[in-house]
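Chains here go by letter, A, B, C, D, E, F, G, H, I, J, K and L, matching the order in which they are written, and residues are numbered from 1 within each.
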Amino acid sequence: MAPITSLLTAENKKITGTALQGALVDLLDLALVGKQAHWNLTGRFFRTIHLQLDDIVSMARKKADAVAERAVAIGVNPDGRAQTVANDSHVPHLEAGPIEDGKAIAAMTDILESIIRRMRERIEATERPDPVSQDLIIGLTRDLEKHHWMIQAQLR
Amino acid sequence: MAPITSLLTAENKKITGTALQGALVDLLDLALVGKQAHWNLTGRFFRTIHLQLDDIVSMARKKADAVAERAVAIGVNPDGRAQTVANDSHVPHLEAGPIEDGKAIAAMTDILESIIRRMRERIEATERPDPVSQDLIIGLTRDLEKHHWMIQAQLR
Amino acid sequence: MAPITSLLTAENKKITGTALQGALVDLLDLALVGKQAHWNLTGRFFRTIHLQLDDIVSMARKKADAVAERAVAIGVNPDGRAQTVANDSHVPHLEAGPIEDGKAIAAMTDILESIIRRMRERIEATERPDPVSQDLIIGLTRDLEKHHWMIQAQLR
Amino acid sequence: MAPITSLLTAENKKITGTALQGALVDLLDLALVGKQAHWNLTGRFFRTIHLQLDDIVSMARKKADAVAERAVAIGVNPDGRAQTVANDSHVPHLEAGPIEDGKAIAAMTDILESIIRRMRERIEATERPDPVSQDLIIGLTRDLEKHHWMIQAQLR
Amino acid sequence: MAPITSLLTAENKKITGTALQGALVDLLDLALVGKQAHWNLTGRFFRTIHLQLDDIVSMARKKADAVAERAVAIGVNPDGRAQTVANDSHVPHLEAGPIEDGKAIAAMTDILESIIRRMRERIEATERPDPVSQDLIIGLTRDLEKHHWMIQAQLR
Amino acid sequence: MAPITSLLTAENKKITGTALQGALVDLLDLALVGKQAHWNLTGRFFRTIHLQLDDIVSMARKKADAVAERAVAIGVNPDGRAQTVANDSHVPHLEAGPIEDGKAIAAMTDILESIIRRMRERIEATERPDPVSQDLIIGLTRDLEKHHWMIQAQLR
Amino acid sequence: MAPITSLLTAENKKITGTALQGALVDLLDLALVGKQAHWNLTGRFFRTIHLQLDDIVSMARKKADAVAERAVAIGVNPDGRAQTVANDSHVPHLEAGPIEDGKAIAAMTDILESIIRRMRERIEATERPDPVSQDLIIGLTRDLEKHHWMIQAQLR
Amino acid sequence: MAPITSLLTAENKKITGTALQGALVDLLDLALVGKQAHWNLTGRFFRTIHLQLDDIVSMARKKADAVAERAVAIGVNPDGRAQTVANDSHVPHLEAGPIEDGKAIAAMTDILESIIRRMRERIEATERPDPVSQDLIIGLTRDLEKHHWMIQAQLR
Amino acid sequence: MAPITSLLTAENKKITGTALQGALVDLLDLALVGKQAHWNLTGRFFRTIHLQLDDIVSMARKKADAVAERAVAIGVNPDGRAQTVANDSHVPHLEAGPIEDGKAIAAMTDILESIIRRMRERIEATERPDPVSQDLIIGLTRDLEKHHWMIQAQLR
Amino acid sequence: MAPITSLLTAENKKITGTALQGALVDLLDLALVGKQAHWNLTGRFFRTIHLQLDDIVSMARKKADAVAERAVAIGVNPDGRAQTVANDSHVPHLEAGPIEDGKAIAAMTDILESIIRRMRERIEATERPDPVSQDLIIGLTRDLEKHHWMIQAQLR
Amino acid sequence: MAPITSLLTAENKKITGTALQGALVDLLDLALVGKQAHWNLTGRFFRTIHLQLDDIVSMARKKADAVAERAVAIGVNPDGRAQTVANDSHVPHLEAGPIEDGKAIAAMTDILESIIRRMRERIEATERPDPVSQDLIIGLTRDLEKHHWMIQAQLR
Amino acid sequence: MAPITSLLTAENKKITGTALQGALVDLLDLALVGKQAHWNLTGRFFRTIHLQLDDIVSMARKKADAVAERAVAIGVNPDGRAQTVANDSHVPHLEAGPIEDGKAIAAMTDILESIIRRMRERIEATERPDPVSQDLIIGLTRDLEKHHWMIQAQLR
């Protein structure tokens, strides 16, 4: 079965594919960990953070879909299975069980910063190989940085 | 930090909590594996199955959320992290890379049947301990069985 | 051509299939007879009953679809052809030609009561064989009994 | 109870009423048989035809309502009861049980052609007696012929 | 100031313009008289007729607009001023002051029949001169006859 | 048939009823004359004024309805028949036939000013007799003055 | 805990607060008694009055909310608890059990008139102390009087 | 005046009617007390709890309506008048005047727990007498327990 | 590959197919030329004509689709490729580059008149061969003539 | 260039114009300062106040537009340029840079109170000169006082 | 008539204008050829490809509009007339008459690849001359490549 | 109080922050000056420009919000207070009082060109320091240039 063809060179396809697969794992794990905190949250700030986390999850799911479909469009098969996310993710760990609101904010700030750091490297990496994929990553990085600010502002 | 209280006895809470946590893992893995097939699908039937898989993912996400919120409402903390899903899931494995349409239909039929089998056990298990949780599981089993039919009908 | 498989035993599938096929015939005939009265109605109360009958038809069509799709999902082929409805229906007969509003209300009260009586038997019959199908029949019986009250209240 | 009056002569009312009653039976049977195939369909093309059949049923129901209300508006009581549809319909027969996708397309092509043939006769028959009813039949014939093309195109 | 030009001959324009101007006066007066009854209605059937009259007014206004814009499109200036409607209308008279529900139904039945009679003459008159205008009048006559039935059904 | 009762004294009811009936005639005539200009308009500014006139008509119709329903609510039967509007209206006359855009703007400015002048008198007249009706007239006067400005601004 | 401050003098706040608290009790009781009749209604006019009562309840709830929030905005704590409504309400009593349609209309006419009478006193009482609150009461009185007319019209 | 008939035995009707009437009083009082806290709330968490309380009130009103209509549908007249709610309610008391946010959360947790306890008894009581009513109570109990968790989580 | 069958005779199919193919070319060219003027427009009337042209394009595209689908439904393959439109169109030519508003209105008036002239011939040509296709052409001619008036009115 | 004319006397126009221009500056500055706090907010209450401030800004912008359009409608040109707002505003000053949530609430309470104080003076000033403008200012003062309560409640 | 001015240098305007005009021709031809296939399609996969082609046409039309408006915004007049598209297009040719589904997919894959190849050259060409235009072309290239994947996947 | 952190270097943050603050002042002033012209406009072209200015204001407000939130997301506090806008803006001055339509178009063309010139410098300035912010500025520049064309086209 021949793969989907695209106009990228093999080298550019490889670099871009790696960036997109990395972004996919980051975004899928963000969605899972965001829901985990959304459900197990406790504390006086429960309701507002519960809603805020759902905004983040919703954004992460939408962008994960765009990233995966971009990968296959350039001829690279994305891998978003649970095992792959569990093994490859660099998203900071979240403990099981109830999560106090203050801890949830601190953890989410770290998680978003960690993902943003990798996304900024992917923006650089894809600039020449594929400006079309780069543009997608630039756009989702703006969303991630907006949420990073709105979570972090609660720690100031 | 005291857990969320509910009116279930410790025994009933344990049985119900186990059923809900099992359902959560099944539904989250269904959503991940459904998206995996949605992205990597190939073949003449690509478009219609691509859309059908998104219907399944959308249902799985919505029901996973309801199940996890039901668990915390009875005082049991749900666990939906990538590592937990990867370790605990009994959902049949899906290979990485491109998936031909015929194989995707066959795989999805097996996956749904496997989940439905466990859900029917959970309906029985929760009947006496918590009819409120049982009612939720009955409802989502109807959705799963409807999708099972609509996928399986393509194999007849 | 192998039938759709489900996890019900042959015995349970037969009992549940019979209940669902019976419900389907009742609901399709309710939709046809409801429209018949909706069109041929006369009398000072024309407009309000004309609209009320459309609410009933709309509910009957939606539930008939759910019931038929439930039947096929458990591996039983539903039969909703005109001949089958005409032969198998136990819904009380409605004369052709113009229908006075008072007679329409009385006829509709009888029709709904007749269907509800059979639905309540189906709730009992399916409780053990298939609680998932039972839950569907319980839900539509509530709708039928609500309409039965709102029609019947006009006779008090 | 005096019938609804209209401005048509007795002769024109009779011709037009016959055409509308015939159209009503055709459309109601189309809706029933369309749902029958929608539920019992099997085969690789299941999903796309399942949806297509619902488009046809939805159109048939809407037009049946318009036709029946047109009949009563000219003083002719329409008859859409199950027995009448079963007895008077000339729509080709559909077997009970599972229907393979290829057979469903072939059957639906025949059914639509059969109905269209009668509708075209009704367009001619009503031209002078009642151009208002004729205009309604012309409009629904266009819808029927559009669906006939879209079903039939799958056989080419 | 040169008038709007159209492709109709002077003769056809004159016949069609007369039909459209007549239809306009009928529809504007129907809207005014419908509102008059809508406001001044009394009796046990107040609410349902109050709403029904608004449906008629809404239809009359929409069709009046279509008819007037059709007139100007063929180069005939429509006249819908109060004085013109008051002088030229053949719509049966409605007394000032409170209107009992039974009388409102009877009056509205007469009014609609009177308008329909003239519309049917306009359908004949415009058939050859301008089938485009005729098609518009056929369509609105269907609406008028539907409302005529639904009002009149309350007298049976 | 006893009239609708309200809590206003006979004197206050009479004053308020007169104000509301006057407002009704003004608003109904505004709607008719607004449509007349909307249809017969010519000139380079056709499209923008054509749309602006429809905004005015739409406001006039809505407020006429509110005013008439207010009248009947205080026990005064409103009269909005064509003959009454034709006889009682003080709205400046509009010639039949095509209307150049500049003339339409000038005429509409005069018409709105004429109506506003009477509405302001009604605000004063109803202040003590019925502040509830006054509030309605104040509100619609604001709408009239807004449209007066937007029409008049085209003359500056 | 200091109360919410506002710019009204103590005297004006007291007068306005009394008016708003009285209006709140009236509107909450209207909503409860409206639903009571909505549920227990019988008779040939069941459906239309059932719907009409829901319109009244919906208006009463919306306005009760506005009135209570207005009270707290001027520094007066509203009291809308069941005991307070039961003790302080002057709304005429409604018997338990089934309510015939004619009796429901008569009772609702009395109830609305009783509330309107008190609202008109509150309009006067608040004119100088707080025109902002007065404007709110004027607006809701118009709604109450509209419903009073539409209920009462059925008795004429 | 004969009561609405249903297919329940007298004994089952009585048991079910008692459960539904009890649920109605609980839900109506929840709606009133929820609004009371919504209006009189103070403290840094004002806005988020203000909104959360409105979600609860909205759910309570919708379910109260469903419960009352279910009662009348089985032939039992519901009683939702202020006096009945004030006398029969077992919902914990709420003080008049301003309510600090912490106290509001604690009070609401108690109120919801108290209602849930009674609802769970009603689920048991209605299981055999009327599974249709039971299904309604199961559904609303899930909503109540969800809100109980989301309120209570703020105390952890 | 057998063509789509229809019930028209070969002769009627040919006449109707020619009319529909001609209409298709006219409408596609109208959409292209309308957009061309929409983009390149200049002058004080820019904004209102820019919007008006988009209304025309939107209508033309929708009707072109209906016409092409009608052609294939009667068994005639429509041809809407650029080369065909360029070669077969009789729509008056539009110069490249900026278009002054006055010129755009004059050109559009000519273009619409030219298309309407051909459409009226097609209405006559299809009357006997296929009243269903004729009805479609009558409907779109009304739209074309309405836009012709609204464009032309700016030249008066 | 002659100004827009209105029916107010020169004296009344001057008084009303002054009130409206003052209100405009207040509302525009409220919108700017509300956004400033919305962006620069920090602290644990970030999210809920961030959203609350946007509600205030949205209301301020809508009312500023209504006030400015009211001014021009009575013949007074409003001035909402940055320089004018900066020079004429009496809204309390807000420091640049990050704003802690507690400070933001305190500042917003002062700002709203300051604006409300001036609005209440404008209500008095415009009562006789122009009750139409007064009604607009009364309405927006109610909105301002509602937001003042909801902000201030967080300080209690 | 002076052209629209922009801030681009003559050189940059020329390069960017050439890229945009080329993109316009590609997108307009894609829309025409996509509709051509949408109408003339045959084969078992008719319905799903028929719908997919409409998604492509809809995207192509929207982007063509954006590209043309971008051209005029930088001072270059776009040319989208039929003759220009027919002469200048490099989009692969499509035969007239019926198109089998397999051929349609193959043809569309070639067409999209051909357009994407030119778009990628335009991305490079416009990077320095006008990053604003480049960003538009990058965005639409992502859409084209997504559709290219979804069409091509059916060939794997 | 520590500022919001981001991953930009101090140097890059400074450059980007300066660009964003400049863009914010430009966009806020554009919104204020756009409304100023929207309100004070006069002349025959009043209505169409009045609406066009609102489109520009709406775009300016939305983009100002995005720019300010981007600034704070990278750790730079935006300043959008009236005094800052008044002092720092380079947007060309607009006279107070009535504005003739021709002058408004000329002024708006200058204002938009002036802002676009600065935005293009910011696109260059931010390319290396922060491609994420640059992408935002590129996007809003496209909107500004589109409006610049549509305003300027009226001068040609």
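In this section, contacts are C-beta pairs under 8 Å (C-beta built on N, C-alpha and C of every residue); 3 or more make two chains touch, one makes a residue touch a chain.
Remember, it's a predicted structure, so these values are computed and weren't measured experimentally.
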item: Chain pair repeating B-K, as identified from C-D, H-J or G-H when over half of the contact pairs by residue number coincide; value: H-J
item: Rounded Å distance between chain A and chain I, as computed from the means of their C-alpha atoms; value: 49
item: Computed distance of Cα centres, chain C from chain B, in Å; value: 31
item: Chain centre separation (chain G, chain I; CA means) in Å; value: 59
item: Centroid spacing, where centroids are CA-atom means, of chain F and chain I in whole angstrom; value: 42
item: Per-residue overlap in chain H, given as positions that touch at least 2 other chains; value: 1, 3-4, 42, 45, 48, 69, 72, 98, 100, 135, 153, 156
item: Chain pairs in mutual contact under the definition given at the outset; value: A-B, A-H, A-J, A-K, A-L, B-C, B-D, B-H, B-K, C-D, C-E, C-G, C-H, D-E, D-I, D-K, E-F, E-G, E-I, F-G, F-I, F-J, F-L, G-H, G-J, H-J, I-K, I-L, J-L, K-L
item: Residues of chain J defined as touching chain A within the complex; value: 41-48, 50, 98, 100
item: Chain B to chain H touching residues, read off their complex; value: 1-7, 69-70, 72-74, 131-132, 135-136
item: Chain A residues touching chain J - in the complex, by the definition given at the top; value: 45, 48-49, 51-52, 150, 153-154, 156
item: Residue ranges of chain C touching chain H (in the complex, touch as defined); value: 113, 116-117, 120, 123, 127, 135, 138-139, 141-142, 145-146, 148-149, 152-153, 156
item: Chain K to chain I touching residues, read off their complex; value: 1, 3-4, 28-29, 32-33, 35-36, 39-40, 42, 61, 64-65, 68-69, 71-72, 77-87, 89, 94, 96-98, 100
